[in-house]
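Two complexes follow with subunit A in common, the first pairing it with subunit B and the second with subunit C.
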Partner chain A sequence: MSNASLATKASPPASDISEPQPMRKRRGVNREGLEAGKRSTRTILWILLAVAMVLYGFPFLYLLFTSFKTPIDTIAVPPTILPREWTLENYTNALGRSGVLASFINSIQTAVISTVLSLVLAVPAAYGITRYKTPSGQVFIMAALVTRMVPPVAIGIPLASMMSSVGLADTPIALSIAHTTISLPLSIWLMSSFFESVPRDLEEAATVDGCSRLGALWRVVIPVVSGGIAVTAIFAFLASWNEFLFALLMTAIRSQTTPVVIANFQTQFGLDWGSMTALAAVYSIPVILLTLLLQRKIVAGMTLGAVKG
Partner chain B sequence: MSTRNTISKLVTLGGLCTAVALAATGCGAGGPAPSSGGSAGSSSINVLVEAGGHAELTGVAEQCKKDTGVEANFVELPYDGMFNRLSSEFSSGNVSFDVAALDSVWLPSFKDAVQPIDELFTDDVKKDIFPALVKEANVDGHFIGLPAWTNAEIILYRKDLFEDAKNKADFQAKYGYELAAPTTWKQYQDISEFFTKDGMYGTDVKGAVETEWLAHVLQAGSPMVLDQDNNVVIDNAAHKEALDFYVSLAKSAPTGAAQVDWAAAQNLFNQGKTAMTRFWAHAYRQIPADAPVAGKVGAAAMIGGSAGVAGVPGPWYLSVPKATKNTEAAKKFVKCAYDYNSMGIDSKLGLASRISAFEKYQDQPGYESFKPLIETLNAPATATRPATAKWQQIVDTVLIPLLQKAVAGGDTSALLADAKKQVQDLLK
Partner chain C sequence: MRISDRRFALYLMTPAALFLAVFVAYPLFRLVADSFFKISPIAGGPRDFVGFQNYVTAFTSEAFTSAGWRTLAYTLVVVTLEFALGLGMALLFTTLGKKSQIWRTVFLYPLMIAPIVAGLLWKFLMIDNFGLIGTLLHQAGILSDPNQIGWLSDPNIVLFSVAIPDIWLTTSFMCLVLFAGLQNIPGDLIEAARLDGARAPALLFRIILPLLRPVIAVALVVRGIDAARAFDTILIQTNGGPQSASETMSLLIYRTMIRFGDPGLASAMGTIYLLAMLAIAFVAVATIWRPGKDN
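Up next is the complex of A and B:
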């Protein structure tokens, strides 16, 4: 309920102006009660929001603080949240390790290619499914969802063998294709829900103005769902950016991505928490920047689905 | 209109990014690397190592390039993912590496995928490698891996506490013998009990790892889990005795023993929470300089039971896959790793596999853990883990749950009897 409607309901009608004082007082009390209720609701919401932020933010903050701890501080029993002594040694160790820079570039390459592939395939697929609504389209979209139920470990080894047999072993393109298999089904589902929320009248109007169907899609529909595309792109990018298993099975010297390099700080004979957290903290920066950059589009994308129908 | 412009810009930018990324995709940022699928007879090889092993072989690789012209490119993988990767590549018959560093427990699993390297095991080589490792490297009559480095559990103890005059006097008064690094189970129990006071514990008990209990089984005079004919002997008297000893230490150890693993035990000791630990020898040289126990730690050989001192070695072997096209260069590298084995001692892990390499350093300051390590590895009762491809499965599904239930107070006889059935089922 909007503030305006609440205000309208709370205001006395003109015919009540001559009502006796006690009744007006009661109305005033009601208004105060309503506002107090709104205040307490807002307070509860803020508290819930703060709790959610702590739940989501604390692990990352702990990782960040750990990356500035000395070696003995990282393994303190009981653990401390803030470093007792701040140091950049972990960052020096992590970034100075051979292959780290190359792994960053590989991660970016892989994630960008995988995101573009996902969008290029998901947008027309989702558009076709939502606009034509053929039985085969409905089967296809359900089948796409079913592929999400197959554990990646079940297809990882055969996929690695296939890539190797077609000469793509240890290349970012092989890993990107593998990552696209993860993100594509959900990208299609996400884009379908966004296309559903766009009224067909818009396209029909564009057609009347002389657009072809493809032209209407390109000039009218896609700009309307750009927020949804941003959300889907972020999802696809993150799925590739954080993926570990396929990267482990399919990369070696040329295309190893950073998640594998981060995991390399755990060896059979020890775990270098400091360097591991330092590299993880650095690795999270591009994702944070990307999210900030696309923040408005993401919010637009979220509300796009909300006004469906 | 502005939205359309923004979209156009985004699309253009995306297109450019893709073009750049695709252009660079021909070879990833790691640079063009020779693969085993590349030219035969190449002098450049790929070496697959667990992340901790890279440093061990870096010096060797440099020296090998100078001596033989063979250049090694390392593929580093985390320990937890290595087995899957090796399985994947070996089963496909198309490997991306020419040499692989294999954990000893994997040798039986990959015996058919790697080449015999019998010619590298000369008499001199066999004499300079610990007997248990020579035995383990030989699978079905052929040597299939040359040990690159090895480890074993030894005793690390708080020298400052052991040398403290009051502690010495109190211990003597209570137990009737002098406080010193333990050599027997009884001494280990007594000392653990003695130091469990004032918020400190005498030792740790690791319920999440099996190696330590298995070392006690060897010390009690039995082979581990399987005898030489692959009969399951996990319920024999020695296993029960070793398990009872292991569990008896729980009262002198921090609570939550069922979840304590290597990392937790190492942390507890480095933080000064435990007076002793049975731990891999490399940990002695990895105590952080700012740890409360830095400079206060002594090392001793593993304790002994009725069969004497014994430990379970933790070696890594260099093997050459059958599928490599660079066999000659790969074998040259393996030979280099043996010839320059002592160079690994200067690495962060600080281990080697040759007896002579450890002996070269054993009297130098900072390497006090090497004498106890040599003693433990040379002990007659020391033995490697059973050569079965199912070993890791036995560990994960039978031994660890068994230990966790035992340290939590389970009936050890019943647990061992149950474990026997489970192992037999796994081996069927």
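Up next is the complex of A and C:
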């Protein structure tokens, strides 16, 4: 998901997917086009969709149901779909374990620091790239693209040893820097697309009025792209929140994030499936709700770049 | 004095460029440098220059070459299935039109789930004995025994089983991108083809897919890069087993580094892996993106 960023300049008709309104217009165009007309066809298609949605949604529902089973029923043979007895035992077990609540705080801390860092670095860089089409800017955006191809496992170990040599081993700062190596290239790509859609006259008018270039960026352009900044922030946050490999390599007891704790349940405490499902549910639900609330923005961010004209 | 635009742009880019240089380029340099040394896993241990010895070891090791093939197979399986399913869903949402919008949103939900959670969840569904999938197939009369298919324990099929969470997680992304592409196809084009008597398959293969080509290509490259780096979902499901049958490149490098304590060899493997990824991605991007041709 994280990489809607490979923007193509070769796509057909230009469309500004960043704006929610034109969607309606385009759908209107398509109504006569691909939309199914016959009532019977539509009924069959709706049934197909219902089947697909049930199949697609079921795995997570099963995780939720399981988290409300008793720890013994969790691994009963044969398994049942619904709990025979609804209980919060798995939740109290999971959240009561030492380090679990701390890991939530670590996850939040790491994701917030990484998001802020990504934005602070990406917003000016993307502006520099899109507004002043200098050769260095073009080289830079290609370099950022290449960074996206680097397998995390390749830089994880050197990065970890760098952090410990400057005394940052096992801290949320070190991990959030590592996460920023993932989210920064993505943020630069997203922000570049958003800046592209801002008319240049805006800053020109501001500079004529005596604003400095930095002043124009800060007071005129940034407010215009604030929606884009929000989208970028969501992606940077999610990238860090869900990241596992760097967290595994770079954290020990003090700064462990929840994904590592979830994975550790497998070995450290034997196989406690009940607690694992409960913790996984608690960790995933906030971000799923976030998607539903902010779906328009998220859709815009994900499609940007990939289908940009 | 007012600085030139060019310099101003450079200043704006400098912090991000420095960050990437220090935290991506330098670690990469360290990785390449380490690949020429025999390194003791103990901190401060001996470090001997061995030239290309680690590369020779990597290329002659069975584990390395099979991990390479497995990574390729895994990537192809993931990307092909995701594309087929994603396109199907995108067409379904398009043909249903506006009324399906809410379901389109719901369909996105796996994208927000951590890969580690997805891997865990599917492991729980596919695991021997108390896995639900085997049980349901047994109850439906398809399998004679719930454990007839060892999803995660049969070396012959495990590479496909471990790919399922990845497919489940990101088919939504494929669908979303293709859906957006479909919205850009002019309606009158479809109308004209229909009037000419084109039926659904012809419409799909002659008109829709060719028009979507750039979008499809980008989506495939983006997902291909990600699938080739898959780590979390496989680690949590099988840890590369049984008998290394699901050990892809990321896992092999990780294990060489951590478990077998050979940072030099792991660095050589990492370097080869990185170069291979860059080469493949560049060929793909160059054919799609064609920088400079437009603008």
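Basically, the second predicted complex is superposed on the first by the 213 of 309 C-alpha atoms of A that agree within 3 Å, B and C clash if a C-alpha of one lies under 4 Å from a C-alpha of the other, contacts with A are read in each partner's own complex, and residues count from 1 in each chain.
By our rule, contacts are C-beta pairs under 8 Å (C-beta built on N, C-alpha and C of every residue); 3 or more make two chains touch, one makes a residue touch a chain.
Here the structure is a predicted model, which means the values were calculated and not measured.
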_After the superposition on A, what does A:Ile157 contact: first (subunit B), second (subunit C), both or neither?_
both
_Most subunit A residues touched (candidates subunit B, subunit C)_ = C
*asked:* Looking at A:Asn242, would you say it contacts subunit B, subunit C, both, or neither? Reply first, second, both or neither.
replied: second
*asked:* Is A:Ser165 touching anything from subunit B or subunit C once the two structures are fitted on A? First, second, both or neither.
replied: first
_For A:Ile105, using the defined touch cut-off, is the partner it touches subunit B, subunit C, both, or neither? Pick first, second, both or neither._
first
*After superposition on the shared chain, which partner residues are touched by A:Ile75: those of subunit B (first), subunit C (second), both, or neither?*
both
*asked:* Is A:Gln266 touching anything from subunit B or subunit C once the two structures are fitted on A? First, second, both or neither.
replied: both
_Contacts for A:Ser40 in the overlay, against subunit B (first) and subunit C (second): which applies, first, second, both or neither?_
neither
*For A:Thr92, decide between first (touching subunit B), second (touching subunit C), both and neither.*
neither
_Touched partner set for A:Tyr132, first subunit B, second subunit C, both or neither_ = second
_Counting contacts the way the document defines them, which residues of subunit A are shared by the two interfaces, the one with subunit B and the one with subunit C?_
75-77, 153, 157, 161, 245, 263, 266
*Sort out for me which residues of subunit C touch subunit A in the complex.*
5-6, 8-13, 15-17, 19-20, 23-24, 26-28, 30-31, 34, 89, 91-98, 100, 103, 105-117, 120-122, 124-125, 129-132, 135, 138-139, 146, 168-170, 172-173, 176-177, 180-191, 208, 211, 214-215, 217-219, 221-222, 225-226, 228-229, 231-232, 235-236, 249-250, 253-254, 257, 263, 266, 270-271, 273-274, 277-278, 281, 285, 288-291, 293-295
*Interfacial residue positions of subunit A with respect to subunit B in the complex*: 70-73, 75-77, 99, 101-106, 108-109, 112-113, 116, 153, 156-157, 160-161, 164-165, 169-173, 219, 222-223, 226, 245, 248-249, 251-256, 260-261, 263-271
*Flag every residue of subunit A that touches subunit C in the complex, lowest number first.*
1-6, 8-13, 15, 17, 23, 26-27, 29-36, 41-42, 45-46, 48-49, 52-53, 56-57, 59-60, 62-63, 66, 75-79, 81, 120-122, 124-125, 127-129, 131-132, 134, 136-137, 140, 142-155, 157-159, 161-162, 177-178, 180-181, 184-185, 188, 213, 238, 241-242, 244-245, 259, 262-263, 266, 273, 276-277, 280, 283-284, 287-288, 290-292, 295, 298-299, 302-303, 306-307
_Quick check on the complex: what are the subunit B residues that touch subunit A?_
3-4, 6-7, 10, 14, 17-18, 21-22, 24-33, 35, 37, 46, 48, 50-53, 73-81, 84-85, 87-89, 91-92, 94, 96-97, 103, 151, 262-263, 266-268, 270-271, 273, 280, 282-283, 286, 288, 290-292, 314, 349
